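Each of the two complexes below includes chain A, the first together with chain B, the second together with chain C.
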Partner chain A sequence: MSTHTAGRRIQPRRTTGVPYVLIVPAVVALLLGLGYPLVWQFITAFQDYGLAQQFGKPPEWVGFDNFANLLWDGEFWAVLVRSLVFCIVTAAVTVVIGVLMAVLMNAVGRTVRLILQISMLLAWAMPVAAATTVFIWLFDRRRGVVNYLLDMIPGVDMNRFDWLGHPLTFFLVAMILIVWMSVPFVSFAVYAGLTQISEEVMEAAQIDGANAWQRFRRIIVPMIRPVLSIVLLLQLIWDLRVFAQITLLKDAGSKASDFDLLGTYIYKLGAAANDFGVASAVSIVVLVITIAISWVYVRELIKEDEAQ
Partner chain B sequence: MTGARVGRVALSVLAIVLAIVWIFPVYWMVNSSFISTAVLQQFTPHFFPGEYFTVSNFTGAVADGSFFGALGMSVTITLIVVVVCLIFAFLGAVAISRFKFRGRKSFVLALLLIQMLPAEGLFIAQYKMVSSVGLLNTVLGVSVIYIAAVIPFTIWMLRGFVAGVPAELEEAAMVDGLSRFQAFMRITFPLLAPGLVASGVYAFLQAWNEFTVAVVLLPAESAQTLPLWLRGFVQASATRETDWGQVMAASTIVAIPVIIFFLIVQGRMTSGIVGGAVKG
Partner chain C sequence: MKRKIGALAAATAALVVLAGCSTSGDTTDTGSADGQDITFWLMGGDTPDALRDYLKTEYNKATGGTLTIEQQDWSDALAKLTTALPDADNTPDVTEIGNTWSPTFTTVGAFSDISDMYDELGGSKLLQSFVDVGAVDGKNYAMPYYFGSRYVFYRKDLYAAAGQEVPTTLPQLTEAATALHTDALSGFYLGGEDWRNGVSWIFAYGGDLAKKDGDTWKSSLSDPKTIEGLTALQELYTSASNAPVTESDSTPWVNINTQPNATAPEAATIIAPGWAHWSIGDLAEDPNDSTKTVATWNDDVFGTYVLPGVDGGVAPVFAGGSNIAISAASKNQAGARELMKIIFSDEYQQMLGENGLGPANSDFLSSLGDDQFAKALADSAQGSKLTPAAPGWAAVEGSGLLEEFFGKVNGGGDIASLAAEYDQKIDDIING
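So, the complex of A and B:
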């Protein structure tokens, strides 16, 4: 890294027009695909924009009415709370399992570690549509292998249990699917952090009489804290965007609104009910939540970047 | 001593069990894709295809008229997104890692924040924009949205590679009489090949796997990409007996290219996402 810092200093760096020309294509692409829709959405969130506007009637300004209506809308609150709880629980479970798997990877021999890593890489690589479809098959009511295996346990009657038919088990399946998909990333990132902890420190702690839990709590956790916080933030952000999984699981299960999270709720409001004003208002709520969480992460990355 | 050894063996056994659990869904997909649905309908599941081995699910899934259309859509969109993103992001990465300029910091900050925005928070507005110019169900409409979604992280990833090539190399070449542009093209550019490959694969994975925006912008059956084609099988299952063998064959077809490409760039992507935090 030091050579590269030195190189930066040597290089002549007057402000010229060149860098601006270089970023023009990217900026134009971003303005077109994200900037314009974002602006439209902010405007529409303050308008009454429904079916009539679809047929040419000019939209009416309604101030904060769309947001105020949301405040009194029980379904919106149900969806919001459900989404946040789902997101936080799923992210927490993912990070805990991911860290434990990383510690395990670090503790076992080379061959076993490689086997574990390959199996996790395959899970990680699965496209979301394919992964969700496989889980629908695994948890299929009649012929799913999960019901078959659970049913073999004495005293458990899971024959034809309809996982996707009840909200609680529906979201449990969604959570298992998302945890399965996301744990590999957490494990690999944390494992990379663990390999940085020197053997000597761990040995010294052991000689000083620290048991496994104390070594984990007092040495490993503080050393991997930077990775841990980034990984947790990313999981929180990613677990808010689960439209693909929920949509596919709903295709196989139930259309009822008890099974909606924010993504599918917005889709319903916009594409199905043509209530673009309210859909925009909910979208803005989602964006605000995401930006609030990402702000911490982005600040960390910038700090890292400038430290280089 | 023996206690420690027993502990080690126990951990290894646990690791193997977890490896089996984690790979099981992938295995089950491939396994089911080689067993005919008539056999899958039996009460007892088959953990190996064995005597029931058949490729009829694959031929059946592909023979479903819409497969080649969806494949064509996916390939076209992915190619456009990869090529455009690589060119635009390369220029942007050079700008932020080789130049200091006013607004550089805000630009980087904006890129990182944008990359976090969920498709769910914007897709209704994107739907309105794309439909208002008559580009619903077209390659162009969906590509514009994908490019904007993929560019920020591609720039961020490439920036690391460009910054990794020491500027001294270029300067040495300039001392030897090359122009700045020549020095860049002859010295730095070839060293960036691995970075371009990794970023290209990242863009490929994003475009190929994308589901959320595709649902909104490609509602017509004739304009499906492969993930939507796969969804068609799941949706059909609501009305008739699901042909699980064929559905799993379809999933396998969608997953195979992704798994191959993913294994190539996995390491690069992890380090790009967690930034310098891993270096300790």
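So, the complex of A and C:
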């Protein structure tokens, strides 16, 4: 009730329709761009929809059959668990390295910082296909520089080691690639946060005898927490729906399903094996997971907002 | 804003009109081909540039329109065809299609009925097995484009040094390859997931990938003869190939050539489609581009033989090749038909053969020449077999199950239990 009087002062502005009109184009674009595929996907998830339907035959409604089939499909669960683990590990590694880079940028002189920033911008701007191709070359079984260098270490035999031939090393390469491409975003965001921390606070802490780790842990991290959480959320979402890198690495490696993540699994089910119904059902599952992850964070963000 | 709404209305109207078109099924357009600009999808790089240029020029001469050729990658062609063919705005007007995918797309009505052109395009002279996979209920939808079959390339120098003769039976081939094999040299270079080559072993032992039982198809990996073939393949792979288990249909000729800066090749024997012989030989720097190399065939070093059967003779290999069809959703049916006439013209059929691609029309088989490659192609094509003409076959290929299965077999897995497992997986989708 106490906020009521404060709110009254800005009421006249709220009642005009201008803000609503202004957001109409954005909302319409969003509804058209995202709404149509989303609605189509939702409908298809409850249909038996194959190649014949794609060419005009009316689809048949099957209720929750597509979802029920998934429940008993070991391959689906394997892909789901693999994707979640991959997404969490990759996002965590990205954020840790990103923060370290940001701290480094904050600590070094202007010239070094500029070099760091430019090189990271280049990595960030690199098209996915180009970066993935270079990584495929780096880790090539025969001519890859990684095997060449590792092989020079005495006692290490990496000659002809097939990085893309085993699921574990395949996902390690995929992770290094994705981390390399996403660290710049994290470190720029965190660096921006770091520049907002006032020098006085840090100086005071130093005078009070806090060492570097204590200052980082007790002052810097809490102050940039909002940035950290949003960056981690974005990384989790991006890494869950990673597609292009995995597809290209699979083209250079194996076609087997042991190397699939949710993105390539859905694509294979739908576009290549013509089972659009089940593919849509899996997409809905991914959507639900994404919303669930986001929900936790959004609620926390709102809470923090209210607390301030 | 007004202009935007206008555009939106126009777009909606267009959508309604187009949707109307695509559901009406056969859009036999009676218009003329004059000035129609059409798009032709080619799969992979098998069709040489000279042939592409010929088609463009001839099409322009015949209609005044422009022919755009777009090359699709084999690996994602299935997905692209599935999404583009039903869409009148994005469909290629004419497309090349893997012969094994023809039944799937023909059954669902992706292509225009061109039965009335059958005689004009070559009629009974056309390669029958390829015509059959493109026909439904006696009507012709997809026609043969070219055929190729796979035969063996080997290093004469390495065979001689190891005292190995050209094998005449399949077990002898395994023996010779095993004898040639070292850590640095594959006696027979074959990728573990390479089912398109590996399937020849199944065929050679009288097995099949799937069989038709009444109206339904059933995967027959567990068939005793299929298992025999897979066992022989597993033995060859594990005892003679250094290729990764995860390698599928690739470019094995890089292994049989002695690469620049290398002293020896990495394979003594490979199996590849006939046109691969253009890429095999002594390597030298390309005079036009110093970053590339050109291969010159050297009869003293390289040789060919046909994959031998289990008890001699010729093993039935996988009949490679493509079909060609007009998209039912195409708005340029007349232009598309014009292109078909050019492709099946005497000149073009002759050019296909001269470039090592088996021409669709048997009158032009002689255009392949009479060198060892033409002979090996003709011999290996004799007994060649197609994959099952099941409605869901394209989905089976698209799902990657065969790569996975062959990879696991060659990785040393238990064949009987793997066969049972993948029979079940394939049965789920093979009937469409």
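List of remarks:
To be clear about the criterion, the second predicted complex is superposed on the first by the 253 of 308 C-alpha atoms of A that agree within 3 Å, B and C clash if a C-alpha of one lies under 4 Å from a C-alpha of the other, contacts with A are read in each partner's own complex, and residues count from 1 in each chain.
The working rule: contacts are C-beta pairs under 8 Å (C-beta built on N, C-alpha and C of every residue); 3 or more make two chains touch, one makes a residue touch a chain.
These numbers come from a predicted model, not from an experiment.
When the two structures are aligned on the shared chain, A:Ala107 is found in touch with chain B, with no touch to chain C. By the touch criterion defined above, A:Ala271 reaches both chain B and chain C. Of the two partner chains, chain B is the only one touched by A:Ser294; chain C is not. Comparing chain B with chain C, the partner in contact with more residues of chain A is B. When the two complexes are overlaid on their common chain A, residue A:Val128 makes contact with chain B while staying clear of chain C. Legend: residue contacts after superposition of the two complexes on their common chain; A:Asp251 is shown touching both chain B and chain C.
251, 267, 269, 271 are the residues of chain A that lie in the contact sets of both chain B and chain C, per the superposition on chain A.
On chain A, the positions that touch chain C within their shared complex are 50-52, 54-57, 141, 162, 164-165, 251, 253-258, 267-269, 271-275. Across the interface of their complex, chain A is touched by residues 22-23, 25, 75-76, 78-79, 82-83, 85-86, 104-105, 107-110, 193, 244-246, 248, 392, 394-396, 398-400, 403-404, 407-408, 429, 432 of chain C.
Those residues of chain B that touch chain A in the complex are listed here as 8, 11-12, 14-16, 18-20, 22-23, 25-26, 28-29, 32, 40-41, 43-45, 84, 87-89, 91-92, 94-96, 98-102, 104-105, 107-109, 112-114, 116-129, 144-149, 151-152, 155, 163-164, 166-168, 171, 208-209, 211-212, 215-216, 226-227, 230-231, 233-235, 237-238, 242, 244, 247-248, 250-252, 254-255, 258-259, 262-263, 266, 270-271, 273-280. Considering their complex, residues 3-4, 6-8, 10-11, 13, 15-16, 18-20, 22-23, 25-26, 29-30, 32-34, 36-38, 40-41, 44, 101, 104-105, 107-109, 112-113, 115-116, 118-131, 133-138, 140, 143, 145, 148, 180, 183-185, 188-189, 192-193, 196-197, 223, 226-227, 230-231, 234, 237, 240-241, 243-244, 247-248, 251-252, 262-263, 266-267, 269-271, 276, 279-280, 283-284, 286-287, 290-291, 293-295, 297-298, 300-302, 304-305, 307-308 of chain A touch chain B.
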